[in-house]
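Two complexes are shown next, each including chain A; its partner changes from chain B in the first to chain C in the second.
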Partner chain A sequence: MALTATGSDTPTRTGRRLSVGPSLALLPFLVFVGIFLIIPTVTVIVQGFLENGRFSLSNIETLFTGTVMRALWKSVVLSASTALIGAVIGAIASYLVVSGNPDGLLRRGAVSLSGVLAQFGGVTLAFAWITTVGLGGMLQRALEAAFGYDVFGGSGWLYDMPGLILVYSYFQIPLMVIVFLPALNGLRPQWREAATNLGASTWQFWKEVGIPVLTPPFLASALLLFANAFAAYATAAILVSQGQIILPLMIRAALTSEVVLGQQNLAFALALEMVVVVAVVMWVYNWYLKRAARWLQ
Partner chain B sequence: MTGSPSVGFRVFRAVFLLACVAFFALPLVAMLDFSTKIPATGERTFADWQALVTNDSLRESIIVSVELAVLTVAGMVLLLVPTMIWVRLRVPRATRLVEFLCLLPLTIPALVIVVGIKNVMAWVNYYIGDTPLALTFPYIILVLPFSYRAIDSALSAIDVKTLSEAARSLGAGWPTVFVRIVLPNIVGGVLGAATITVALVLGEFTFGSLLNYQTMPVEIAAIYKVQARAAVAAALASIILIAVLLMLLSYVSRDRRTREGRATA
Partner chain C sequence: MTESPARTERGTPVELTDLTRVYGSIHALDGLTLHIDPGELVALLGPSGCGKTTALRILAGLDRATSGTVAVGGRDLTGVPANKRDMGMVFQAYSLFPHMTVRDNVAFGLKMRGRDKAARNRRADDMLDLVGLTEHGGRFAHQLSGGQQQRVALARALAVEPSVLLLDEPLSALDAKVRSQLRDEIRRVQLEVGTTTLFVTHDQEEALAVADRVGVMNQGRMDQIAAPADLYANPATPFVAEFVGLNNKVPATVDGGRAQVLGVSVPVIEGSLSAGPGIAMVRPESVTVAEVGGGDAGNARVTSVNFLGPISRVYCRLGEGDGAIDLMAQVASSLATRLTPGDPVVVGVEPTAVLVVAAP
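Entry: the complex of A and B
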């Protein structure tokens, strides 16, 4: 290795020693990432296949039992529905924001605000919605005063799937604005002018040019939103303090339960399932993004 | 996008965007309302906001989170900045590897790291004692992707190689090149990385709660059961602080972008 590096493109002052020497300076970084990121991840993957220190598929088999499959299914439903809601509303909002002055105050404000709101989660977000639509919440009281009865029919729904979908949308929509807005810059005004000059109506422009060009970045962004919701934990953990309706909450139960022996292994298997799903989605996202980028140089 | 949009479009735009504003603003207003109102009488009070300093466990947890934020920023800068400069200067073939590792935490959920990190944390606790500040190490991992992006864009804007060669040919040693030549030129990017790091650490819940450390968000969640108003006040205060930090960040990075834009134009 040292020998081949001497003839490399960069002129080196001190010769072959350099090819290994400079790389050593990366060791602190590599060791740190190795210990605190790679080892935990590998632990999850390896332990998922172990039982009492031996190779076993029993944990993996547990993943295909009714309770785990139901939690996985609900996680998928939650992630897919909030990805869809976030993607559609976020895309429309992005378009409306840039259709004003592209460099105007509206756009700059929307981008900054989205940056803040997309990071919003966990304790604060859960409290925010509990105090809004929960029992005695501001909106709940206002609507009850206006219509004379509790429009929401109690607050049980807030601590279950419908509540999670509502609350997750709060950070999914801004995330969509952040990732989708740059794609709208790829839709050149000249194309619209050219289409109009050739006699196309607004509808025709969108059907023949706008939507086909924006579909790849739209789908890619939706995938990112899916992964984002699938991996989210804090908000759901606060909102649903008991119960394990979705995969992350099932991991919490397995991790914190000290009653049932072997639950720790289940936590590894569930975490493995989560990392596989997210990794596959992110891989497709990156692949798709590269394809989409061809159009939007 | 061409000419002036039709009236119908403008009305739709206004209505839609106002609905969005209402959707995002309402929960925040509701928190303020809840944290300042005594439900029985409807009176307004800021007594529960004082819990931020008067409630011992809450105050301690705030201090822990602030300490964690400072330590994580320091660790992140020490680990990432020299590595990234060095990669650009001397080991460009490692660029892809370092980038891949820095962005990896986006693909591996924090929850998964928590599940697998038990043995590593036991080892950390063995060396530095059982303190919540041990969270600094996993937090540095969590902020890597965001910090990497901020610093990378700052480094891309300057010619690190020419700067360092000029300095070296004038007799500067590597420490001088790093601290006095390159660092002052990427200070905006490093500040950006520090800001997002502070924002993320102050709001982090997954690690804190599952590894049983009393950080601010964990404590807020805990006191909600006994002092709901104080908890909501603290949550609102923390999100306001985080929002201010992130807004600051977006202005800092926009200034940099526009400056760079002009420089290349």
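Entry: the complex of A and C
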């Protein structure tokens, strides 16, 4: 806002008049974004390039060592596989949900349940799995007592990558239901009827219209699931108490290890690596989302 | 209303016989019978829920009749699935496939019929030429206006050379100017290709303007089907009369084929009450309004005036209290602009034929 002195106490506005109200209303959000997004991101970027208070590339170089690359690879495999499992099963579940009565109990129940389960990650989820099918879990013990069957076959797979994939899928599938339902709802019945009227069979409709139209929102949803799994920490931290098989656990080790001290800046570099991966994924996600919005608006 | 141009008879006859469609306790169709001549354009007109769209969807195979038969070109299609019926359809809402170009949309039906790409594109270009969108073949639906999208939908429906063209309120989502242009375009194209066409609409003007015959539907039944001019001049039932604009209800007395309406002797339409007191249904353009001067109270008072350009609608009230009659007159705006609510006026009727029905 430009002000000119007029010799009186009342400032005179000149030029374009800006409305202060909407900006003020935005202020709490901007403060929130500043504290919880911008400051941590800038801190991660800056600290990743510092060593003993000086600019250094040593932490960045560490990112390319075998241990970190393996953790990155495992994080990508875990995220990609749970995104794929979640996307496929979630998309099928979404289709079954939208095929039902829009006001029916099944649909309302499935949407509500998905909303709850998609948020049911972290410590509670890991604990639920451990107490149910963990080494001393109820189901595991019941199966062993009744049939002499050992779910683990002595391998303890629940506490390694296979276990992480299984447990992550538990919240990835309902998340997919939530994010993919609007896209399925956007698939207009008129397209189906128009295709049928023009001679298309059910299979031809899905091949020529349904699947191509739903591909962008499907891929966007899968990318969102990837980012969700890539950034998840608490579930893995509870299930995998030893070892640093994925990046979030490696950051934990760098920050809390009592064996190798002074690795805080490596933690920042690892976090920077995660930020870059998630940023790329979200950029592609947005690209697909824009296309989906244009088609399904 | 425009006079129907001559039509070609290259199309196929359509026969809907005694169709009923029941949803729970609702009878969407209640014994509908309709014959459409080859190359004819029949408009089904009626309010929402009268069954006109249900009839069209049953003909398309997108809905199933509870009873009755559908035949096209003498072939019974009642149990034939929609994708085997060889019909083209334009929907109310835009139904173009969003991920395909305009050309691919138009060629879609031919692709489903196994035609090779070169032939498909040739035919698609011909159809786009027919609807005046030749240069838009490479665009996507979201890059077109609503009117252009419906023209593409029309080209797509016609590309497969359907035996019957079905138009399900294709103009209702468009603004008034585009609607009028596209309405004429649809009629031109339909006459050019000669396809038998069923056009569903709730817009009286639209139906009268494009159709060879207009069928007015009410509660799942056909109240009357006739050529537009005939339907307009001789509505068979109070429902049809009201739907084609005879929406002033004035007490009248019938005697010897004439009725006394507001003191004026007018002829009655066939199907009217034969004698005695009844209600005359008078169209707004037959109601006359004259200013009064010199302290004359007239026989009515103006309640409101709606300016519509060259013409205006003047709403008047005859009498007071429970016996008051509200009338709508359509008059030249040069007169209407001199009137204000509360003005005394003299209201009468022109000596044109009216439908007189028994008082409720």
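What we mean here is this: the second predicted complex is superposed on the first by the 243 of 297 C-alpha atoms of A that agree within 3 Å, B and C clash if a C-alpha of one lies under 4 Å from a C-alpha of the other, contacts with A are read in each partner's own complex, and residues count from 1 in each chain.
Methods note: a contact is a pair of C-beta atoms (placed from the backbone, for glycine too) under 8 Å apart; a residue touches a chain by one contact, two chains touch by 3 or more.
What you see is a predicted model, and the numbers here were worked out from it, not measured in a lab.
Visitor: Between chain B and chain C, positioned on chain A by superposition, is the outcome a clash or a fit?
Guide: With chain A as the common anchor, chain B and chain C both fit in the superposed model.
Visitor: Give one of first, second, both or neither to describe whether A:209 is in contact with chain B, with chain C, with both, or with none.
Guide: Touch partner of A:209: chain C, not chain B.
Visitor: After the superposition on A, what does A:20 contact: first (chain B), second (chain C), both or neither?
Guide: neither
Visitor: In the overlay, answer first, second, both or neither for which of chain B and chain C A:198 touches.
Guide: It touches chain C, and chain B stays clear.
Visitor: For A:151, using the defined touch cut-off, is the partner it touches chain B, chain C, both, or neither? Pick first, second, both or neither.
Guide: In the superposition, A:151 contacts neither chain B nor chain C.
Visitor: Give one of first, second, both or neither to describe whether A:60 is in contact with chain B, with chain C, with both, or with none.
Guide: Neither: A:60 stays clear of chain B and chain C.
Visitor: Applying the document's definition of touching, compare chain B and chain C: which contacts more of chain A?
Guide: Here the partner covering more residues of chain A is B.
Visitor: So, A:233: does it touch chain B (first), chain C (second), both, or neither?
Guide: First partner only.
Visitor: Once both complexes sit on top of each other, what is the least C-alpha distance from chain B to chain C, rounded to whole angstrom?
Guide: Between chain B and chain C, the minimum C-alpha distance equals 8 Å.
Visitor: Would you mind listing the overlap between the chain B footprint and the chain C footprint on chain A?
Guide: After superposing on chain A, chain A residues 193, 196 contact both chain B and chain C.
Visitor: Can you name the residues of chain B that touch chain A in the complex?
Guide: 1-2, 5, 9, 12-13, 16-17, 20, 23-24, 26-31, 33-34, 39, 79-80, 82-83, 86-87, 90-91, 94, 98, 101, 104-117, 119-120, 137-138, 140-141, 144, 199-200, 203-206, 209-210, 217, 220-221, 224, 231-232, 235-236, 238-239, 242-243, 246-247, 249-251, 254
Visitor: Quick one: in the complex, what on chain A touches chain C?
Guide: For chain A paired with chain C, touching residues are 188, 190-191, 193-201, 204, 208-209, 212-213, 294-297.
Visitor: Give the list of chain C residues in touch with chain A in this complex.
Guide: Checking each residue of chain C against chain A gives 60-62, 82-89, 91, 93-95, 97-99, 108-109, 111-113, 142, 153, 156-157, 160, 166.
Visitor: Can you name the residues of chain A that touch chain B in the complex?
Guide: Its residues touching chain B are 18, 22-23, 25-26, 28-30, 32-33, 35-37, 39-44, 47, 89, 92-93, 96-100, 108, 111-113, 115-117, 119-125, 127-129, 131-132, 136-139, 170, 173-174, 187, 189, 192-193, 196, 227, 230-231, 233-234, 237-238, 248, 251-252, 255-256, 267-268, 270-271, 274-275, 278-279, 282.
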